[in-house]
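Next up: the structures, one after another.
Two complexes, one shared chain (chain A), two partners (chain B, chain C).
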Partner chain A sequence: MRRAAAFSLALVMLLTGCSGLRQKMRDEADLVLVRAVGVDGEAGESLTVTADTGLGEKGEPPRTFTASAATFGEAVEALRMTPECRDAFFTHTEHLLVGEAAAETDLQGLLDFVIRSPELRLDTDLFIMKDAGAGETMRAVGAGRSSAADELSFLKRYAARTGRGYTVECGEAAADMLRESAALVPAVTVRRSDDLTEEESAVDLAGMAVLREGKLAFFLTEEESRGAVLLKNRCEGAMLTVPDERGCAVTLRLLKAKTTTEPSYENGTLTGLRLRVRLTAGVVQTGGYLSPEEREVRAYIAEKAAAAEKEKIDAALRRAQETGIDFLGLGAAIERRDPVKFAGMKERWDELFPTLPVAAEVTCTVERTYELNTPLIYPSP
Partner chain B sequence: MEKIDSLSARQKRALTFLCLLSPAVRQLSELPTRAAGAASWLCPAAALLPALLYAALLGAAMRKRGPGEGLQELLVRAAGRVPGRAIAALSGIWCVFYGGFLLRTAADRLVSTVYEYGGDTFFIIILLAVALLAALGRVCALGRLAEAVVPVMLLVLAFVLLPAMTDVSFEYLTPVSTLDTGAVALGALPLFDLLTIQADFAFLDGYIAPEERETAGSLRWTALLILCMLLLQTATIGGLSADIARALPEPFFVMVRSVSVFSGVDGFESLVVAVWVVTDFLFLAALLTIASEILRGLFGGGRRSVFVWPAAAGAVAVAAALSGDAFAVRRLSETVLPVVNAGLKLVVLPLALAVGKLRRKL
Partner chain C sequence: MPYQRAALGNGRDATTGEQYKIAKTGHNSTGSKISFPCCFFVRSAMGIWRALTKILRPAARRATPDRSEKPTGDGVEAVFRRCADFISREITTGGNVRVRVFFLDSLTSGETIAREVLAPLTDAGRLAGVPAEELPEKLLSGAVFASSAMRRETLGAVVSDLLAGCCVLVLDETRTAVAFETKSRDKRSVDAPKEEKVVKGSKDAFTETLRTNVALVRRKLRSGELKIVEFTAGSETHTRTALFYIDGYTNPGIVSEAARRLSDMAVEGVLTAAAVEECLADQPRTPFPQLLTTERPDKFCLNLLEGRVGVVADGLPIGFLAPGTFAQFLKVPEDAASHFVVGTAVTLLRCAALLVSLLLPAFFVAVAVYHPEMIPTKLLQSMIAAKQSVPFSAPMEVLLMLVSFELLQEAGLQLPTPVGATISIIGALIVGQSAVEARIVSPVVVIVVALSGVAGYTTPDQDMAAAMRLCRFLLVLAAIGAGMFGLVAGLTLLLYHLCTLESFGVPYMTPFVAAGPRELLRALVRMPLREGSVRERALHTRRKE
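Then we have the complex of A and B:
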């Protein structure tokens, strides 16, 4: 028993590298822990990979390394061969930032490598760079007070609150492309605002990008992105300002969006699709004297909010049907609801979708007013 | 028995449970995922009833054994000396062959999930050396080790599955409809087939003193194994999606790579892979022990440990013959192995026992 237990323990130690036999122990400071990887260029021609370590624990500036090769896998290996990036660890990679050109040519190859590699993980966030190169952006952001890795980590936490997008992992994007034939991933752009010096840049969310057949198909506008976020039930705290009955601004936080799909059939044939989008909101601020405590006031605000969001939802639906790409996953939603009925039309879904009558019905419920129930009315002097 | 060597029924069940857990992960990723897709998480549940029935029938047959008798002696009694020994010999060859296959797949898993740059020969040698040492020892040591490893394994499973379940997407587990019935049933077949391997462990029953509630215990452990399979498949399919899982050779370990506890602790996939290797080692040691026990019976007794060597040599020969091509191993795992196992466990063995019943020998 003891002998066998000792063997088992030795086996685990040896095979996990805990024995120290696998590699020499190294000082943590000497390790290059890659947190974000940028990809530019065209697959098959010359693909450039940029690795970003992010800010150090004590605020040390980020380190970026670059290498080029014909494919992503080869470029990662070439990166590892550069003197300053030897023994780089890619296991901590949190974000994959893909330049527009690389995404347009071969995103499938990148995802294939990420899924296949024992080092990279499927939960690595995927971002598409809009109107700029990934490596160029990473270096520009790194030249300032931040790093691309930290900026993308910030976006991961707060993207859903902007209402313009949400983060998507590599595995999720690949799965969506396989299941729904299209996937939505966040697009980012370089921001140079007044609070940044001339050399400084930041990364900003620029809505969502649509992927199809393993490539970038197109970018959604901000309005379409918001509609897509709502239809995908991924709205988690986006703000919205609407007028109350007296025209004073009321700011709401959209806490939740819940979309249900109601297909209609005639003789077993799909004739239309109704989407019921239920929004839940909380009042963040009112500028007037009307109290959201009153049912009528709440109903008016909710109606305005629903109407405002419906426009965005309609814009997203229009774009999906015009392009014939079901990036909203409506086919998959119908399949989940009526798998037997959908089985007969699954193969023809791409043909049916562009001309299918789709109507969105948006309702909003103002659920809470937080700490202030009724607006404070200050007496005139 | 060569020495005072005994195994408790509980230890045997623990050993069987651990041994079947390792191939279960591989089997789940094959036909069930490919055939049933999003509904494949239901395949283990569909395998429950036939697996319990098989375990109950096997238990009922084994209750007829006399003191010191295992399945081999029972087969000789049931089918006659020559046919009984022939079936036992076939089972021994099967164990050796499966041992070689196991050596190869365990090494292959380490290469494809952790040691990207490695070759499989090193891992085959290590695994074989450790399994050989365990198989050369007493059967009760193997049983006690299995009993000690079960809580560790369940803890590792809980550690992986609890956070993995929070990442499960309902969308990846649906749609499920009546249209999936055939596919789920088809996917359940290899799982049921795998669970019949517990019949091989009945060759060790000569070491076990008969117990009152032996069958009930066996049914409980079979149900526990199926529950583990259900949770493993739900976490894998719900975390990765069936479309991705069916493209991966070891989707469970890819899923584990993405699991993090409280967004802080992650990267424990190599630990999980290594713990899984312990089950491979136990299974290999058990197969060598079973094969040597059968050989000992065929050659008229003697020290069991003497027969471990030819069994191990056979397993190495099989592993060497399979080396070099991961695709061939996968094909073998999907086609030849389940068919041969089913032929042996679902046709030959029940037939021999039925003949014994008709001859009133059982």
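Then we have the complex of A and C:
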């Protein structure tokens, strides 16, 4: 029995490839923990990969390493060949920042590598750099008090609260492109503001970018991005300010958005699409004289909010139909609702979508008349 | 020859007193003359043989009389030759019969012997006219005041009685002996348990005296069904051992097997707990304990009620319980003493702590060396920062710290209590902190090993804790060799080994194997007492509820 057990263990070890485990031994002290990867490259040129380690445990400045090769996979391997980055450890890569040019050239190849690589994770966040290269941004941000990895981590946490976008993982983007042939990913840009010195840079969310056929198609405007975020129900925590009847500002925080898709058919043919968007919000601030505790006041504020948000939703829908790219996933929503009926028009969906009458109906409910999650007294800096 | 004579060399026949010196005189025992060449060879051979026998045979056995023979005064004296505490006295009874009285001064009470044996024995009025042939009967029928008197027909029985603290009277004329109970009452008083902490429970513990221990159990289990069978174990120590069981509860098969093992104990002395454990255990080679040990009579009685057998040996302040199963080693009587919700929570905590103690260092090594992707990013960053300028690899650090931990623990155990506590504090606080500050080990490793060690202390049974510590080392080595796969393979082998063990025919892993869900639940959850006790099915007790 003991011999049988020993034999079984040895067999399993050989069969599962565990005999090569020794090669995977790593010494923690030598690990170079890569937290963000930037990719740049024009069509016909080699790809440049920049690895960023993020800020150290005690705020040490980040280290960035660069290598170039024909493909992303080769560039990562080339990065490992550099003396200072020999033990680069990519498993903890949290963010993949792709330069605009590289995204316009081939994003599918990058995602394919991420999916196949045993080291990189599917839950790595994907960002598209707008109007700048990924590598130069990472180095610029790293020259200051922060790092690209930490800046992107901050964006990930607070993206939804800006109301201009939300973070998307590589796996999610790849799945969207496979299922809907289009995907929405967040776009970031370099921010230079008064609180930063001349050498310092930071990254900021610049709305959403639309991917189509494995490439960057275009960037959405701020208004369109907000509409897309609402339709995708990813706006939790976003702020919204509307004027009241005296012209004072009333600020609301969106707590929830829910969109339901109602296709209409005539003789089995899709004739239109109604989107019911239900928003739930809480009052953050009023002009002072309004009393949101009263039902009529709340209804008034809600009506104003719904009207304001409807404009943005309409803008997003307009852009989608004008470009003929269903980046809002409306086809997938119809398919989920009526899979049998949609099966007949799935092949023709790209033709049907631009001319399909789509109407959005937005309603808002003000549920909370106070800010629940924000402390009244802010801690002193 | 009534006694076994020493094979060769200078010896003395205990019966005839003949002194035989074969080699020196050149005569054999029959007295025949041997020629010079023969004499030379014989003398040479005898010399070699004598030297060999001196080396190979213990001196005490050279003149040991046959103990199955009838008792005589000389025979007894031969057995206890060179024993400073052996007292031999020849007296004349009131009936003018010469008798020899023997006792061991160290085990008996001289006052009791004088008052209860010698005084009535020499009283002319009591035994006047009683001849030697009738004297034993007279003594047994109350001529002396000793509480217990027993006739002894063999030398072996006399020796056993003397060693048990009796005073023995030997009549050389009739070659009979009578033993009187005259034990010394010098013994340690019943004290609170020192090794097993008691919060809500009885504060008494077993002592080194068998009778006291029997009394402690009897006081808790006042039932005629509690049976106590005595055995003598140890060819040299003649230690009395007692087997406890509750008739009607305990599986008779377990009782008879325990009795067989106790009577077959082939050891020279029962001076340590290991002597009993190794003789009673099914598989003495495994480091896992197969007998529950306790110094608490309440725990002893609780287990007897569950259908186990108990063993207590004279001279050992410990009770042994069989069959021992893995789950039993994680239980303490405090669980039964506390509220069932608290008892359950503590039991579960103890189980979790056992797993932490066993697996944490190996898991850490596997993850740190082979699977750093499993460590959260922030923690890994912190670990990498702490690891800078530490000269050793993670596996070496863990092994070093585990060995250091064991060394500190051993040092704390070997030293007297106040010094031992100081050593522990020095080891934990100063050495650990200094090692981290000196960058010899990283703080994470210190935390992992310390956490594992502290978790190990929650295991109530020290033998089980020691076995687990041993397995912890082996699992760390497995993890160094093959990462998570090695750890899982090692754990599988450990489980396989545990599943092959049996204690008195009961699977060691009961109720995790070979039991129903209800029993499994009861192993982990302390049910309210009003729901009644359910005995483990694997014990095959006569009464189930």
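Here is the rule we go by: the second predicted complex is superposed on the first by the 338 of 381 C-alpha atoms of A that agree within 3 Å, B and C clash if a C-alpha of one lies under 4 Å from a C-alpha of the other, contacts with A are read in each partner's own complex, and residues count from 1 in each chain.
Just so it is clear, a contact is a pair of C-beta atoms (placed from the backbone, for glycine too) under 8 Å apart; a residue touches a chain by one contact, two chains touch by 3 or more.
These numbers come from a predicted model, not from an experiment.
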TODO: For A:248, select first, second, both or neither according to whether it touches chain B, chain C, the two together, or no partner.
DONE: neither
TODO: Once the structures are superposed on A, label A:339 by its partner contacts, choosing first (chain B), second (chain C), both or neither.
DONE: first
Task: Which of chain B and chain C A:57 touches, first, second, both or neither - done: second
Open item on the list: Between chain B and chain C, whom does A:307 touch in the aligned arrangement: first, second, both, or neither?
Closed with: neither
Open item on the list: If we overlay the two complexes on their shared chain A, which of chain B and chain C does A:35 touch? Say first, second, both or neither.
Closed with: second
Open item on the list: After superposing on the shared chain, does chain C or chain B touch more chain A residues?
Closed with: B
Open item on the list: With both complexes overlaid on chain A, does A:91 touch chain B (first), chain C (second), both or neither?
Closed with: both
Task: chain C-contacting residues of chain A that also contact chain B - done: 5, 12, 16, 91, 119
Task: Contacting residues of chain A [partner chain C, same complex] - done: 5, 9, 12-13, 16, 18, 21, 24-29, 31, 33, 35, 54, 56-58, 89, 91-92, 94, 119
Task: Residues of chain C defined as touching chain A within the complex - done: 368-370, 372-373, 377, 380-385, 387-388, 390, 393-394, 482-483, 485, 489, 493, 496
- [ ] Over in the complex, which chain A residues touch chain B? Could you list them?
- [x] 1, 3-5, 7-8, 10-12, 14-17, 91, 115, 117-119, 121-123, 169, 171, 174-175, 178-179, 332, 335-337, 339-340, 342-343
- [ ] Could you pull out which chain B residues touch chain A in their complex?
- [x] 110, 112-116, 123, 126, 130, 133-134, 137, 141-142, 144-145, 148-149, 171-172, 174-179, 240-241, 243-244, 247-248, 254, 257-258, 260, 267, 270-271, 273-275, 277-278, 281
